[in-house]
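Chain naming follows the written order as A, B, C and D, and within any one chain the residues start at number 1.
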Amino acid sequence: MSSKATEVPTTGGQEITYLEAIREALFEEMESDENVFCMGQDIGVFGGAFKVTEGLQARFGPQRVLDTPISEIAMVGAAAGAGHMGMRPVVEMQFIDFIANAYDMITNYVATARYRAFLPCPMVIRGPSGGYVRGGPFHSQNPEAGFIHTPGIKVVYPSTAADAKGLLKAAIRDDDCVLFFEHKYLYRRIRDVVPAGDHVVPIGKARTAREGTDVSIITYAATVWKALDAAQQLADEDGLSVEVIDLRTLSPLDDEAILATVRKTNRVLILHEDTRTGGIAGEITARINEQAFAWLDAPVLRVTAHDVPLPYAPSLEDFVLPQTSDIVRAVRQLAAY
Amino acid sequence: MAPRPESTRPRRSRGRGASANDRPPSESLSREQLLALYYWMRLTRTLEERLVALYRQTKVVGGLFRSLGQEADSVGSAFALERRDILSPLIRNLGSMLVKGATPLEILRQYMAKGDSPTRGRELNIHFGDTDRGFIGQISPLGDMVPVMAGVTLSFRMRGEDRVGLVYIGDGATSTGAFHEGINFAAVQRCPLVVIVENNGYAYSTPTSRQTLAASFVDKAIGYGIPGHKADGNDVLAVYDVTKRAVDHARRGKGVTLIELMTYRRKGHAEHDNQSYVPEGEIERWERENDPLTRYVARLTGEFGFTASDVEAVDERAHVEIDAATDQAEASPPPEALDSLIGVYADPPAAEPLWFREGIAQAVTSHERPAGWGTSNVE
Amino acid sequence: MSSKATEVPTTGGQEITYLEAIREALFEEMESDENVFCMGQDIGVFGGAFKVTEGLQARFGPQRVLDTPISEIAMVGAAAGAGHMGMRPVVEMQFIDFIANAYDMITNYVATARYRAFLPCPMVIRGPSGGYVRGGPFHSQNPEAGFIHTPGIKVVYPSTAADAKGLLKAAIRDDDCVLFFEHKYLYRRIRDVVPAGDHVVPIGKARTAREGTDVSIITYAATVWKALDAAQQLADEDGLSVEVIDLRTLSPLDDEAILATVRKTNRVLILHEDTRTGGIAGEITARINEQAFAWLDAPVLRVTAHDVPLPYAPSLEDFVLPQTSDIVRAVRQLAAY
Amino acid sequence: MAPRPESTRPRRSRGRGASANDRPPSESLSREQLLALYYWMRLTRTLEERLVALYRQTKVVGGLFRSLGQEADSVGSAFALERRDILSPLIRNLGSMLVKGATPLEILRQYMAKGDSPTRGRELNIHFGDTDRGFIGQISPLGDMVPVMAGVTLSFRMRGEDRVGLVYIGDGATSTGAFHEGINFAAVQRCPLVVIVENNGYAYSTPTSRQTLAASFVDKAIGYGIPGHKADGNDVLAVYDVTKRAVDHARRGKGVTLIELMTYRRKGHAEHDNQSYVPEGEIERWERENDPLTRYVARLTGEFGFTASDVEAVDERAHVEIDAATDQAEASPPPEALDSLIGVYADPPAAEPLWFREGIAQAVTSHERPAGWGTSNVE
């Protein structure tokens, strides 16, 4: 363990990794609100499988950084119960893939509690998500589509360190359950400057990651970076001006930002790492159709993973997941439509 | 309102030889409390009988679930809690909810899906709660309330509050993963929680012998490293005693207890169920030999020295209350359609009506209604 | 119990209810293939909560019509294991809402078994679904969106008695896991003539429920009947010719049928009872955009439930769910675009 | 290939006084079988040591999971099965898989994600199976294999087949709902299934004391109404004995048995884990005093009369086999990209490449690769 471990310093104004940004958000919110506590498997002394919670238990004690049994149903249910009583639990899934085990508790109990029983569930479920890391079918999932479909749940999926920190703080302060997906490929690869002070990014607001006028790419999480690479390549090679919208929040969707970019470029590519059928791109396409059909100069197109469980070998995973070259090809097609 | 446990006045002085711990807690109940136990059981039964009448008049929306023959289990256990404690009832714990302060009027409005019911018509039957009065409404997926109550009581422990939780689980629902994960979590976290398995012989049509091979549900306690106790669920004082001890144990910081209460579901799973799967004579035997109200009345008028008219006065009072509540509930309006869009989230506070509902009033008044209920056995 | 109960007659050529059609399919498949067996809660002596399996245990014995504990995870997992060994289990969810408890087992184990381990899971998970019956939030769900997103699972949702029988037979014979959603509102309200003999309806093929040329309504399950009512009203009152496509299978979608109707009417309404955001309408909109954008004379529009848990009181449920009047209004809007 | 249980030849004649049932089944093992037990344990350890070397050379894709110190648990239990029986291994049951016929070559190809590995590069490490040889590969979500094996053995019972199933579950994974639902289902359906809890002290970093309050996992048996037995998991013959008896019990139609094997995980959860959470000296003590190979070698060369060179010959044989397998595995090609689209369903047999992959070859050869692994601790 690094010496930093027991301190969990709060930076601000400095360049830190996506992972450190998450740890800082946890640290700051636990400091400022005694109702915030963390629970999960191996998050205490060990600091979690990815070391996101490293140092938290040393700082806040085992009562507030709680190692649980391997019981995703119980973790989520207990968070809801504690939430009813005014606590603000943050539950870590060791890998987000295991959120499937708590699907009933999340969609049936937590999501409906306020509506049917006027009971608040101010809680966050967070965990390492996504592929490109040779994790195979059960350590690479992007479970957002299974949850944006559920009224009562919010879903957040940041792509930068600044957003990771600011959105997690907003999620912890939100009075409803927020699923906070962390892209594990970005944990230690992305670092950027996080504003000093109490940096909170509002839930429900997208971000323009790159301005452009010819074609829009709407995406989130790890593929934001691929979209930016593709945009640069298309500027260099084709002279195309590509706008990249980073959704940041998947539920509720930022319709305004989506419609604004459609009206601006009239050509939209939706890009996600999740499998194609039933992925969130369909929902966005429908919203664009309903609200901005007249602005479309070309069909809304999707670049997504193939509809297969994510395989493990590099050659297979790379084929199944969307790559920059795919985005380039798709944008060229849209621009030429 | 009958006296609640808070107003405890010892009924008799302590026996000289026995220590406080050995003596059943029920020996400390006041005469008012002894009669209150009967009142809650009678109120439960009378209210359910009224619901049957309303159900036959098709005024109940959806199914009706009875606790006939199980009233002692609900009432005796809930009576062991303090007002600040929290319990999570199941579909057959109407009695527990009444003890915890739910009113017949609320129950009636709920069953009739009225706009001023506790859930404003959003949820079924007795699926509602109130954390101030100390009960949290269940949801239908069985077992889920065990993890939730683990979390409720975890918060008590974390904050050092002197509060205890009680959660019920049916014999059938012990087979769910949620029950297992929740009780294990609560046990290892030493949450102040009492878990009561209500063994009423059946889960819908399934007898316990097809639910588990275990000889007793209390045998599950050792596998969670917690104490387990079994009691006669149709003896309201026995139920009170076993629960009170577990509640005290939890309050002393000793963690979870599993209790198995032996009882019997005399009615079907819901009102529509004809119980064709029940061996002949079984129901009648329980009714004849083991009705919790009959048994308790015998003790009240026997060893506790109440008169028959004391008992009748309670019966009468329950009737009067239910009559009044029924009149009031029937007069309640249905919910306003637009209320359906309010409060999914704290922020935003309401969903927008969809575009094809622009003429909302018209859409609502001209909507189709089903010709009849598609199912009579919703739960 | 009716005297019919222990016989489970096979009709064919006669008018029977949607529910009887399902029972017949189970009966016939169990008769003809000894590997087919049923399991579920209270399906044996009691015949199931809706009496779908009434008479089956009397005919085939408790070994092949098996009452299980209240254990959705175990029911699905055990079906998969038995399926690996060559059995063809049919699992009943007492209400389909409880399929959420088995979400991990279905999406992680069952859906991936063939792909990652070359293990077949020839199994059906079936159960009463859908609303319009005052069932409240946990007895009215339409869980299709949570599963069409999962490669490896097929999803079927019939609207007629003939299809209910024919699709269930196809599902039982399919070599992969098929989720078979039965709309409980239709159980005893719909009756139609089921062809005699071994009536099998292929999975993956939509059906034209009504021919038309002006506007297409793409839908499935109970709302097929609402679409047909609306089409008639629109014909009578507006002289509009509305085509109604009954998808029947939701995964895999019948792209050909969808595109054919788009090319024919150039105006499409997608209608489903499920909540709006993340529902299957988005996916269909995206497919139409990608493959038939040039044929669209108007935006693809959606009529769906509102994004709230389904409330119980009639006035609330009726407001939240799509009604015929909504469809009429939406089609008029499309026709006028 | 060492002799398998099928070729049983009694090692010594039955003791006169003891009945067949009382005598440990291991007394009937032949000398070949006694040596085979050692061979499988040694092969497991040597293969894992080779995997460590390959891991350090970054030839292993993803994490590496060791069973160091637990080899007796896997080998002794799997050895109690017949070839027609089916087991479901966990991440630390490499030894069980070898006994059941998995080859070192398959394991090596799997860990290196080769195109000719048993899953053609689709799944991780030892996540693979073969129903012909009698093992079914696990998936990562813990506990799920218990319901699956309940179904496998249900099919044995339904078809009247003389076959038994064996499923392992970690101390940590006993906390999952899937474990609970699966074992209860199997018990009440009287499936011919043996459930082995491998108590190796930890679930990742979590000691059993934070997983459950139960004094022993075997205490869970009574709650399912099934027999439970506890044994020394580092004594290969004790493991064989306790498992064999449970297997025979299941084969006689008597249903499920729960076995708890006491062992210890001497390595971290995966190779990257530095075990900082382990009390000082604990690992060393287990290594010194309770290594299953060391202990068994002492018995082999002691009471069973084998020579040191008998033992060395086995060690040598294991080494030679692993060397040959390594050479072969390293020469294997990676999977073909297009194979990723095949076999999600029986029908259709393959998915189509998406439209933006029209120039497939180019897309595959020019794709980006991550600069390094994002995680070293995938499981």
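Going forward, contacts are C-beta pairs under 8 Å (C-beta built on N, C-alpha and C of every residue); 3 or more make two chains touch, one makes a residue touch a chain.
As the structure is a computational prediction, the values presented were derived from the model and not from experiment.
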{"item": "Interface with more contacting C-beta pairs, comparing C-D to B-C", "value": "B-C"}
{"item": "Maximum centroid distance from chain A, chain identifier (CA atoms)", "value": "B"}
{"item": "Whole-Å separation of chain centres (CA-atom averages), chain C against chain D", "value": "40"}
{"item": "Averaged-CA centre spacing for the pair chain D and chain B, given as whole angstrom", "value": "46"}
{"item": "Distance between chain centroids, defined by C-alpha means - chain B, chain C (Å)", "value": "36"}
{"item": "Computed distance of Cα centres, chain C from chain A, in Å", "value": "32"}
{"item": "Shared interface positions of chain A, touching two or more other chains", "value": "69, 71-74, 97-98, 100-101, 104, 108, 112, 115-116, 137-138, 151-152, 290, 307-309, 311"}
{"item": "Multi-partner residues of chain B (at least 2 other chains)", "value": "119, 122-123, 127, 139-141, 175-178, 181, 184-185, 188, 210-212, 344, 351"}
{"item": "Interface residues, chain B side, partner chain C - complex", "value": "61-62, 113-115, 119, 121-124, 127, 139-143, 172-173, 175-178, 203-206, 210-212, 276-277, 334-341, 344, 351, 353-354, 356-359, 362-364, 366-371, 373-375, 377-379"}
{"item": "Chain A residues touching chain C - in the complex, by the definition given at the top", "value": "97-98, 100-101, 103-104, 107-108, 111-112, 115-116, 137-138, 145-146, 148-152, 251, 253, 275, 277-286, 289-290, 293, 296, 298-302, 307-309, 311"}
{"item": "Residues on chain C engaged by chain B in the complex (per definition of touch)", "value": "1, 41-42, 44-46, 49-50, 67, 69-74, 94-95, 97-98, 100-101, 128, 132-139, 184-185, 187-189, 226, 276, 303-304, 306-309, 311-320, 323-327, 329-330, 333"}
{"item": "Residues of chain C defined as touching chain D within the complex", "value": "37, 63-64, 66, 68-69, 71-87, 89, 104-105, 108-109, 112, 114-120, 151-152, 154, 174-176, 252, 290"}
{"item": "Residues of chain B that touch chain A when the two form their complex", "value": "119, 122-123, 127-129, 131, 136-137, 139-141, 144, 146-156, 158, 177-178, 181-182, 184-185, 188-189, 343-348, 351, 355"}
